[in-house]
Structure formats: structure tokens, C-alpha cells
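A short worksheet on the structure shown next.
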Amino acid sequence: MASVPMHQGLLLAGILFALGLTGLLVRRNVVFILMSLEIMLNAAGLAFVVAGSRWGQPDGQIVFIFILTMAAAEVSVGLALVLQIYRRFKTLDVDAASEMRG
Amino acid sequence: MILVWLIVILLVAGVLAGFAGRVNTLWPRVISLVAVSIDFVLSLILWSENSSRVQLFPQRKWIEQVDWTWIPRFGIHFHLAMDGLSLLLIVLTFLLGIMSVLISWKEIQKGVGFFHFNLMWILAGILGVFLAVDLFLFYFAWELMLVPMYFLIAIWGHERRIYAAVKFFLFTQLSGLLMLIAILTLYFTHHRETGVYSFEYKDLLGTVLTPHTAMLVMLGFFVAFAVKLPMFPFHTWLPDAHTEAPTAGSVILAGLLLKTGAYGMLRFVVPLFPDAAHAFAPVAMTLAVIGIVYGAVLAFGQTDLKRLVAYTSVSHLGFVLLGIFAWNELALQGALIGMIAHGISTGALFMLVGGLQERTHTREMDRLKGLWATVPVMSGTMLFFALASIGLPGLGDFVGEFLTLLGTYRVSIGLTLVAAIGILISTLYALKVIQRALHGPNTHEWSIPDLGARELLIMIPMMLILLWLGLYPQPVLRTFEPAMHKLQEYAKPHPVLTLNPSVRALSYNGRLPEIKGK
Amino acid sequence: MFHLVWLIPAFPIASFLVLAIFGTRLSKKAVPLFGVGSIALSAVVSILIMFRFLTSPPPGNHYTQILWTWVDVGGFKPQIAFYLDALSVLMTLVVTCVGFLIHLYSAEFMQEDEGYSRFFAYMNLFVASMCTLLLGNNLLLLFLGWEGVGLCSYLLIGFWYRDPANGLAARKAFIVTRVGDTAMTMGLFLLFDKLGTLQIQDLMHQALLHWAVGSPYAVAAALLLLGGAVGKSAQLPLQTWLPDAMAGPTPTSALIHAATMVTAGVYLIARTHILFSLAPSAQFAVAVVGAATLILAGFSALTQPDIKRILAYSTISQIGYMFLALGVGAWSAALFHFMTHAFFKALLFLGAGVIIESLHHEHNIFKMGGLRKELPLAFWTFLAAGCSLAGLPLITAGFYSKGLIIWDTWSSAQGSHVLWFAAVIGVLLTSLYTFRLIFVVFFGEVKTPVHKRPGLRMMVPCVILAVLSVVGGFLDTPPFLGGVHSFTDFMHLALPVMTEGPAGGMTEILSESFVTLAFLVGLYLAYFFYVQKREYAEKLTAPAIGKALHQFWLSDWGMDWLYERVFVRPIIWIARVDKQDFVDNIYSGMALLTEFCYRGVRKTETGRIRWYAAGIAAGSIIFVAIVLFL
Amino acid sequence: MLPLLIVTAAAVVVMLAISIKRSHLLAVWLTLVGLAAAFFSLWIVAPLTPIQVTPLLIVDGYALFYMGLILAATFVTVILAYGYLENQSGYREELYVLILVAALGSVVLVASSHFVSFFLGLEVLSVALYAMSAYLCARKPPLEAGLKYLVLAAASAAFLLFGMALVYAQLGTMQFGQIAAMLSGGACYSKALLLPGIALIITGIGFKLAVVPFHMWTPDVYEGAPAPVTAFIATVSKGAMVALLLRYFYETGMQHLGSVFLVFSIIAIASMIAGNLLALFQNNVKRILAYSSIAHLGYVLVAFLAGGTRAAEAVTFYLVAYFITTLGAFGVVSVLSNGERDADVLDDYRGLFWRRPVLAGIFTLMLLSLAGIPLTAGFVGKFFLVAAGASSALWGLIFTLIVTSVIGLFYYLRILVALYAPPAETGEAAPAGGLPALSRGGSYVLAALSVLLVWVGVYPAPILDAVQRAVSTLRLF
């Protein structure tokens, strides 16, 4: 297990993070955006785990648990919003929600 | 303590007037009038006491002062102090204050309470500027007077009032903030030198700065005051503000607010940075002279009466600036008299123009014409003040301009000549006013009431004062003298920093060496 | 007695105040009571002082009354103080007496005018200012009076303010003289800077102590003062305002633009004669200015059709004589001519006023004629004055005063033969235009009927002045005609004696003969062209060159034309073009730039989440790049 | 620790109370009592400080001061929200639970001394804010605001977490104190991970502070969210983050590592310029205030960059002034709002002075304070900021501050112009009926805020003393 070098783990996390970010930027459906966010958050969590393993501390994994929790909270609020938005805007396209600008 | 009372009376009167405005329109006026009059009387008492006291305590630092700790963490004090210079300007402040209340009696009918609130608070702010010797307090008052002035223009002004008010505010704010930086730099430099945090004028006087820093910091102050003064090329806010302001606003702008700029130059720029000011004097004086001529020419080009008078201020304040940077006794005294006389003569002109506008609803000279026959007294009065403003001997402005130029001549003959030509051009605009507005055939069939008792009550004292200043300015000059000597003493170059010993020798007695060929 | 001197300006000032404040409410009777009465009182005081000065002169022949210290700053200490010596006493006397007569005349002349009280207010203010000018013991007080008279001149020229042309003339007068005043103020600055005082006697004393003859400072100061004098006295090159100034009421022209104010320049130079003595080149300039002016103005006078403009050019020309005299150091001669000129020129104007008034405000002499019979008293007084002006030998004052100047021009150490010749030519011209005027107006057939005849208050002053125009000359006569020196002697109490130069074959009697000859030639030419062969006069102007020359002289040698293009129009043009203040464009430009930036950055706020997220991502990436690579 | 517990308890109690009996008034009172209790408990806790509560939280004078500030601001928000919600239909009571939770998050933030508590506080705050922004979900703008806030905040939280992970990977600790020790120890460490980590943390912080280039959500969320919520976002959420910023960077000295200082300078300058420019001709008052808040945070960063005790004092003092002012400004907006829409268009304020002089006066004071005009707290605050900048000779930043604040003045004046426009120009389009009656609570709060504003503006010494004492407990790097 310890044979995985840290920078490789971080690289993986980074790639995941970038994927999530790309999804955030290119997807227009709100649900997909929420999923992309999940990926980003989990990528950060992964980075914590990798970092924790470097120092042989449990801290990284503990943080990951916190991240999971908070991500769940966020998504729950997010989904509630998605429902309301669908009701008001009749669409899940985020670009529709751009009435305020300028 | 009396200094605090002077301010508090105004502040309280302002608030009272503001509330009284909800009851009726008379009370605010009465309250304001009484408050300013009380202050005026107090200031006169101070003056008369002082004229004897100067001889008794020649070594006294200030005539009167109050010093309270305000924000100890920053070494800020609530420190008001008065010398001859501030005393005279304060008397002028209250005088014009009274006039402003009176002149607004009829003109202002909307939001009377709030109007007088603003009026009183402007006066209080101006008072603070003239009295503060803690630089933080000075800056505080400096900024404070802008807001009510802004309201005065923006609410009770004429057609383009919003534009004018905003322009006024932005110009003065930007320059004020530059001054803030300058103040702070001075403050921190002083702290580095002495380990003491202090905004106190006397403490900061001896601060040693490198020539480069001194120049920059001096410019920070200079620009703030130059904008207020206003000096060419920072003058463009002034015609708009003056033109659009209600009469009382114009009077206070021209009579007092501009003077705060000159006061700042006198009190701070030169004494705090003698070497830098000295090095900068040729530039400042050149700009002053450009302002004199430019202002006069532009005034000549205007057809709006108020705008015309506004540009004359640019011209007249050029003399004041010139006198200040010539920095010898003659020029300084000239600048002072010039300030006071300009306050009165231009103030009166604004009142008259305001009166005309009230009656005819226009400020365009071509629409007036031939008013002499219908309003002879008003016309005569206007003639009087127009003549005062072109420096007719026997009236206050002349003494100011003559002394200024007499002093400037010692410093630079060329600039004196150009400035004298500026006076010549001033004749053009003054005569243009008389010709266009008063003389000529009454083609528009004007039939309007002449000056009433209230207006005469304003005009006659102002005429008398101008005559008094023109024929016997000695009491004013004598009051200023000790203060001026003190300022000149401060402004002696710092021995430590004088790089070139010859400069010091030349600057003996505060006299700057000649600048040739400017 | 002398301590009453402050009353001389005080009476008119008081009257001015009364008229200015209550003028409109006073009755038509009360106005002249104040207006004329105050001047009468001043005249009485002047006469008393003169009398006292003659009988028991004060120690040192001068007296100073200090009222109060005006300003006391840094060694600059002018006082409100009056200085009496022969010069100021004489001039004050002339001013108040002639002034009184003209005021008296005005009481009737202006009676019908709606601005009756205003007129007297201005006139009184003028007399007060003029006396202050004359009596002030320092140059600053002199300057106060100087500007005061300029102001009154302005106000009175533009007295009939409804006509914009009058306003234009008034402004021109004020501004042109102020050009000179600017030079004069510079002179004051220079004098104070170098000598540390403006008190005239001290100043002269200091100048003698510190400056050698020909010192550049002295020359500069003298030239600058000359600038002021030239402006006020309508000499080249600032003479253009005076003919236009005739737009004012005729008594004004008589008092201000003939008898008194315009000679202020003469007074100034005489007052500071020591300075001019220290600056021979400047003094020579005075002489040259005088000579040139007297010739040029003489030619201009020849062509004018307007009676008052003729007189105006004549005034310019006569003051040219005075300048010439000053320039050659003939101080008392200049003053002598000042006095006689005050008499006859005031009278000419008053006479002209009578004529104009009786002919429905007609100014054109060619529409007049034959008035000799219609207005006999006016004719005789006018003739007396005219002869005096032209210098009718032996019996007129003008002959003596002008003859003295001309002789002094030759005989003075500073004189020159060219100047003398110019002066003699001047006599010819004077005689020619004077008699042209007289012949055209009073002889020939009647062209415009007389509708109104002057009353007593108008004619009494005329008669008194006519007498003075004749007998005034006997105060000082050449050696071969009695050799009276009372005027010169009196003036020498204040002014130095002229230094004689080599006479070079000329004698005074010869010089006077030339003057007489010139006078006669002028008289004959006038008779020939305007009585005998009127048509010849028209033939003269028929050819192109004659017409051009006529036009050129008529327009005062084209100087107005030149000034209009060189000074007036450019300033008006600049003022008009820059009405909106181009400096303001800098600031509006800044405002526009800011607004432009606003429009730019505003586009970034698209309202789209993905764009926002891209912003965050881009920012993060850039910052990461910065911390990694910088 | 007591205040945190009280706030937590209050949230639970309010929630329970709602489930028992829906009463707006009751919910408000419970909330207020809870907040007041928490506020006063600060004095009980004060003698025990400084105290490290688990590795995660440190309760020192600094934290207490900010807690007090946050609790007081929350208190005001609650009162404003009460008046505001009285005009609204639908469920109102839950908002108070959310507010309490958000306050809890903020309080945790200001006391946090560890990445975990930092993250937790932030998220607790954020999640509550999403819901608060979108609270009036019957309208479109709040929903849009909520969604925008959620997506972007979550994304930035991801950046923040990733940054934290990198720092952790580099240094092996997540506690500020230990980070400081590591950094000062000069232990050999590669910056390849640390610096990007810091940069990403800045992203997270910058998002909450709404500084350029992380600012773009601000106007939309400010506009969309209900006025009291906007007030809360503008004050409490930002204030807590500034408190954390100061503690985190000042205790670890990270801002002097590599080019981090440059990054902050860029952010500050860009924020001042963009914030002020964007607001220039804006016609929506809430958006103007949003843009101006971007600029104001730019100003704060100037002083932050100056470093040292005095800078920390300046920042803290400025925040106090900013809290008072912003609450006041949004307070005016919220009392003028009605059941259908918020009073956020400039035209809503046209001629207000002639109809509601006192309210217009209060708004004027707030605007002047934002503009930094004397007699108001904003003036003194700005003075201290500039002084801090000047003492460290940050001339470029200070000049930007000055020039942009003059630009900023323009839009404050635009609002003032509207306020004082003569009534004739408005026509009869705005009848008296269009104005809701002021809620009593709202008026008292606004009056109190104005008095406070002027008091601090005229006699700032007491507040300054308190700030000085609080900041002195900060362990500067």
C-alpha cells in the first residue's frame, strides 16, 4: 500500500478535480453540475487521504469523512433547489437561471 | 473654550433649524440668524480683546485654544487654536454667514429646515478648518464641510445642479484624499524621527524629510488646496458649482470655501515644507498667474452672469496664490486682504446676480439689458462691486492686489507684469457686465422691483466694509501681522536639510530669491 | 488756512454721497444746490489757499497735511495725506474754478435730462478724485485719484447709457487708459522696490541719492510712468479713446476731456520731474511723443466733420504741446499752457455745447452755418477761445503760452530744432482747423435753424472763460512784450528752472514771429478754403490720393483699425472660442474614459453560473501559476 | 465555548418550537433571546481566555470580539428579517433556524485554528446561506440566487479543500500554530505543493470575501436574496471570513511566502477597480451595494497587506464600521421592501427625502459612511486603512484605493441624488400607499445603528480600545 508515491496520488486527485471542474464548466444540466461538484469535493477528499498517508496520520481520512458529510448536506440542499427551479423555470438548464446580470 | 462654543452654537442651531423646519419656515431662519449673529458678536469681542492682548503677550502662541485628547491610540487631539489669521477669517465667515441667511430669506422656500441645517453645518465645518491645528481634525473638518455644501447645490441649485454638485464633490474629495496621504506620510515620518505619534501642527512643523519626499508630500497638500482655491488647471469644478448653487451657496463657496484653500497654503504648505515650497514656488506662481489671466479671459467670454462672476474668482484667487508663494510680508498681507475683500465683493456680486435671477428668472446677460432705469439702486450697487472686483483704488480688492503685486515684484518682475495685465483684462469683464446687463436700451421691457430693505441691509454693510478695507485696512493688517511673522518664522528653511548654503542665505527673512524670466 | 485743504475733495465727496444716495428723491432745484454748491465751496477753499500761498507761503514753500496712515506693511507706508506746493495749488485752483464754471453751466445744460442727479453725482466724484490726484502726497494716493477720474470719465462718457455706442466709447476710454495705468503700476512697483517709498518727495530725494543720471532704473521707471501719462493724456500711441469719448455730455467733455483729467499725465510728469531729469532718454521720449502727437492730431482734426471730435483732436494736439514742453524741461511753460488751455478749451466745448443744444443735437459742422448772427454771444466767446487756441498774437493767452513752449523747445538744452519745427507746423495746423471750424459754423448761410437759446447759467461761465482765455496770457509774457514772469516765478517754487542751451542764431522774437507767421498762414488757408472757395476744399479730397489721405486722417491714422485687429479681436475671439473652458475637456475625458471602462467590465457580469465558475477557475489557475513561477 | 453551545442550542430550540407551534413572534423572540444570551455569555467566558478548545478551536480575545460582532449583527438581522417577513406569505419561521445555524458557522470560523474547523465552519455557514438566499422560493430571483450561490460556493469549497490538502501534504499538520512553527522553523520543504495550496486556499477565502476574480456571484446573490439575508451575507459571512483571514495569515505569515503577497495585491487592486467601476451606472441599489462591497473588501485587503498589529486593528475597526453601515443600508432596503418585491431599484428611492425625511437621512448617513465622509464610522475606518497602508508605504495600493474610492463616490452620490430629487420629478407614480408602514423593530434598529455610526465616527476611541485589546491576543507570526 505504501508503495504508491504521494505525488502520484495527488496527481490522481488533481486529475479527478480537473475532470469535475470540466464537467462543471461544460454541462448545462443542474443535476450534472451537482455531480461534477461531488467529484471535485471527492477529489479534494482523496488528496487529503493521500496527504494523510504521507505523514502516517489518520487526519486525512477524518477530513474525508467530514467532506462526505458536508457534501451530502450540500447536495441535499442542492436537490431541493433543483426541484424548486424546475417548478419555476420549467427547465434544468442552468443558463436559463441568468435573469439577473449586469 | 470659546472656540468650541463657536462651533457648537452652529451645530446645535443647525439641528434645531432642521427640526423647526417641520413646524414652519420662519423659525429655521430666525434660529440660524440668531446663532450666526451670536457667533459674529463673539468673534468681534475676541478681535477687540485681541487687539490689546497682542501687545500684552507677544510671546503667546495662540490667542485662544482648546486641546482635548481625542483618539489617543493615534495621538489625535481635538485641538483648536486661533491666531490673527484664523481670527480674521472667522470674522469673515460669520459675516458672510449672516448675509447668507438673510439672502436666502426669500429665495429658499423648499425644505427650509434642511437648508439651514446644511448652511449652519457648512459654517461649522469651515470654522473647524480655520481653527484646527491637529492635522487629523483639520482633515476631518475639511471633508465635513463638503457634504452640506453638496446638498446645498444638489437640492437648491439651478438647472444643472446635480452635475455641478457631483463634480464639486469628486474634485474636492480626490484632492482631499491626496492630502490625507500626505498628512499620513508626514505623521509616520515624524514618528520615525521622534517615536511619538502626533498630528499636532506644532510637532510636525520641524519634521525633517528628504527633499524628494518633502516635495511629494508638499504636493499632496498643495493639490488639495489648489483644487479648492482653485488654481489653474484644477478650476473647472468652480464655474459649474458657483453657477448652479443657490445664492447663499455661491456666496459661501466664493467667500469662504475658496479661502480655506488659501488658508491651507498659508498655514500648512509653506510652513511645513519650506524648502519644497521654495523650490516649487516658481511653478506655483506661474500657475497662479496663468490662472489670473485665464480666469479673466474666460470671465470675459461668458454670457451667464453667475458663470462670469465665478470665473472672476479664479482670477482673483490667482492673486492670493501668487502672494502666498511670493512669501514676503507685503505679498502675504496683500494675499490676506485680497482674500477678505474678494469674499465680500464677490459674495455681494453673487447676491446681486441671485437677486436679479430671482426677479427676472434668467442669468443670461443678453436677456437682461437696460436695467439701470428700472432698478437704479441695484444697478449702482452692482457697479460698485464690479468696480471693486477690478481693483479700483479705495476699495478693498485694490489694497490686496496692489500689496500682492508689490511683494511679488521683488520675486519676479515678469510674473508681476503678467498679473498686472490680468487686472487689465478684469476691466473687460466688469465693463461687459455693466454694459450688457445694466446699460443699453431696456429692450425686454423689464419692470422689476429695486433692492428692498432686507437687501439693502446686506449690501450697505458690505459696501462700507470694502471701503474701510480700501481706505484704512490697518486694523486687519495689524491683526494678521504677529501670525504672519510666526508663519514666516516656521517657514525658515531647516538648517539640517539645507543642501545648498546659498539658498539659505537668500531665503533670509522668508524672502525668496528672485526668479527671473518667468 | 492750509489745513483746510482736505475740504477741497471733501465737499464734492459729501455731495456725491448725498446725490448718490438720495439723488432720485431730490427735487430738480436741490440737485444743483448740492452739485454746484459743493464745487463752489471747493473753489472758494482753493482760492483762499492760493491767496494764502501767495501772501504768506508756508516754510519751504510746501505744506503737508496727514490725515491717516493708509497702509503700513513691511516698510510700505503710504498715507492719506495732501501735499501743497505751487504745482498742486495752481492745478487745484484751475480744476476747482473751471470745474465750478462748468458745473454751473451744466445746471442748465442738463436740466431736462432724466439722470440729472446722477450726472452731478458723477461730476462731483470726478472733481473729488481729480483733487485727490493733484493733492496726494504719495504716488499711491495719486493713483487712487488717477483711477477715480478714469472711472468718472467712463461713467460720464457712457452717461446716456441707452445707446450702446456710448457704452462702447466709454469702455474704450476706460480700457485704453487702463493700459497705460498698467504700465504705471509697474512703475510704482519698480520705484518702491528700488527706493523703498512711494511718498513723492522722499522718492525724488532717494532717486537723486541712489541713481545717477541715465541710470537704467530711472529710465525704466520714467518710461513706465510715461506709459500711464500717455494713456491718461491721450498721447500717442494711446490717444484713440479721446475722440470717441465725445459721446459723453458736452460739459463732461469740457471738464474731463479737455480742461482737467486729460492733463493729469502732464501733472504726473511735472510732479516726478526729478525722475525724468535723471532719465534724459525718457524725457526725450516725452518730447518726441508730444511733438508727434501734436502733428498727427492736428492733421486728424483737419478732416473731422463732428464739432466735438475736432475739439477732441485739438485737445490731443494741445496736450502734445505740453508734453513737448515737459520733454524739453520747460516745466513751467507746460503748466502755463495747461492753464490757458483749460480756459479756452473748456470754453470751446461749452460753446460747442450751446451750438449743439440749440441745433437739435446736431454735431456735423457742415450742417451748421451762419450762427454768427443767430447766437452772437456764443459766437464772440467761441471766437475768443478759438483765437486763443490758434494763438492769435499779442492779445490771446494761447499765443503767450504756446509761444513760450515753442521758444523753449528751441532754447532749452534738451530742445532740438526738429521739435521746434514740428511745434511751428503744429501752430499752422491749429490755426487752420480752428478757423475752418469757426468759418464753417458761424459764417455762410444758415443751414439748420436755431430752436433754443442758452440761458444765463450757461452764458455766464462762457463769458468768464472768454475773459480768462484772453487775459490769462498776461501772467507771463516774453521780454519784448513786457517781460512779466509772475507765472514762471510762481512755478519755480515747485519746479526747476529750465536749463538754457545754445540759442544758435534764433531769438525769442524771431521764434514768436515764426509762430505768428504760421498762425497767419493757417488763418489764410482756412479763409481761402472755407470762406472764399468752398469748392476747392472739396476738390482737394476728390483725387484718389486726397481721398485716401482724408480717410486716413479722418480715421486717426488708422490706429483704431490696427488696434481692433491686433488686440481687440483676438481677445474676443479667444474668449468666445474658449467659452466652454477647454481645460474642462481633460476632466470630461476622464469621466468618459471611466464610463467606457464601466461598459467594458459590465460585460463580464453575464448572469451565467458557468461563466462565473470559469472565472473562479481561471483566477485560481492564474494565481497558482503566479505563485509557482514568479 | 459557551457562546457556541448557546447558539447551537438556540437553533435546536427554535426548530423544536416551530414543530410544536408555528408562531413568527415566538420564533423571533426565542432567536433573539438565544443570541442575546450568547452575546452576554462572552463576558462570562472572557476571563478564561485564551483557551484552546480541542486542537480545532481557540477562544481568545480576538475570537470573542468577532463573536460579539457576529452575534450583534445576527441580532440586527433577525429584527430586520422579522419586519421583512411580516409582509411575506408562506412559512417564515424556519429562516431563524437557518440564521442561527449560519451564525454558528461564522462563530466557529472566527475561533478556528485548524483546517478542519475552518472547513466545517465555512460549510455550516454556506449551507445555511444557500437555503437563506433561496428562502422566498416562490419568486424567481431568490431561487436563482440560491442556485448560483450553491454551485459556486461548493466549487470554491472544493478549491479550498484541495488547497488545504496540498498544504497538509507538504507540512503534515493542519493546525495554524503548528504551521507557523513549521514555517518559522525553516525546515526544508519544497514549495511546489505549499504555494499552490496557499493559492487555492486564497480561492476559497476570496470567494467568500467576494473579491476579484471570485466576485461575480455577488451582485446576483445580493439582488436575488431577500434584503435581510443580503445584509447577513454582506456582513456576518464576510466578517467571519476576514477574521479568519487575519488569524490564518497573520499567525502563519504565509502572505510573505513567495509571490503570495503579489497575488493579494493583484486581488486588492482588481477588486477596488472592478468593484467601483461596476457599480458606476448601476440602477439597482442592491447591486450597487454588492459592487461596493467588492471594492470595500479590496480596501480591507490593502490594510491586511500592510501587516502588523496596527493593520489588524485597522481591518478590525473597519469591519466594525462596515458592519454598522452595511446593516443600516440593507436595513433601509428591507424596511422599504414589500410583499411582492424588494425595494432595490433606484427609482424606489427617488424623492424619498420629501416623503420620509428620517429614513432618507439614515440612508444618507449610511451612504456617506460607505463613501468615507466624516462624522461617520466609515470615515474613521477608511482613515485607519489608509494609515495602515501608508505606514507600510504601500503607495501603489493606496493610490488605487484613493482614486477608485473617488470613482466610488460617484455612485453613492447617484443614490443621494435620487433620494433628494424634488418630489415633482417623481410625479404621482409613487403614492403614499406604496410605502409599507415601518416595523417598529426595524425603526429602532435603524435609529440605533445611525446613532452608533455617528458615535463611532465622532468618538472612536472606546471602540478602538476594544479592538486594540482584541487584536493584541493575536499571536502574530
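As written, the chain order gives the labels A, B, C and D, with residue 1 at the start of each chain.
The rule is simple: contacts are C-beta pairs under 8 Å (C-beta built on N, C-alpha and C of every residue); 3 or more make two chains touch, one makes a residue touch a chain.
In this text the structure is predicted, and so the values were computed from the model without any measurement.
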Between the pairs B-C and C-D, the one where more C-beta pairs touch: B-C
Whole-Å separation of chain centres (CA-atom averages), chain B against chain C: 38
Approximate Å spacing (C-alpha centroids) for the pair chain A, chain B: 64
Inter-centroid spacing, chain D versus chain C (mean Cα positions, whole Å): 78
Between chain A and chain C, centroid-to-centroid distance (C-alpha), Å: 96
Per-residue multi-chain contacts in chain C, two or more chains: 602, 605, 607, 609, 613, 617
Multi-chain contact sites of chain A, meaning residues that touch two or more partners: 21, 24, 33, 94, 97-102
Residue list for chain D, restricted to those that touch at least two other chains: 147-148, 151, 155, 159, 219-220
Every chain pair meeting the contact rule: A-C, A-D, B-C, B-D, C-D
Complex contacts: residues of chain D adjacent to chain C: 147-148, 151-152, 155-156, 159, 192, 195-196, 198-200, 202-203, 206-207, 212-214, 216-217, 219-220, 258-260, 262-263, 266, 274, 277-278, 280-281, 407
List of chain D residues in touch with chain B within their complex: 313, 353-354, 357, 368, 373-375, 379, 383, 386-387, 390-391, 398-399, 402-403, 405-406, 409-410, 413, 416-417, 420, 422, 459-461, 464-465, 468
Partner chain D, residues of chain A touching it in the complex: 6, 10, 13-14, 17, 20-21, 24, 30, 33-34, 37, 40-41, 43-45, 47-48, 50-52, 54-55, 57, 59-60, 62-63, 66-67, 70, 73-74, 77-78, 81, 84-85, 88-89, 94, 97-102
For the chain C and chain B complex, residues of the former touching the latter: 20, 24, 68-74, 76, 80, 118, 140, 143-144, 146-148, 151, 154, 158, 161-164, 167-168, 170-171, 174-175, 178-179, 181-182, 185-186, 188-190, 192-193, 571, 574-576, 578-579, 581, 583-584, 586-587
Chain B residues within the chain C interface of the complex: 167, 232-233, 235-236, 239, 297-298, 300-303, 328-330, 333, 370, 372-373, 376, 380, 387, 392-394, 399, 402-403, 405-407, 409-410, 416-417, 420-421, 423-425, 427-428, 431, 435, 438-442, 471-474, 477
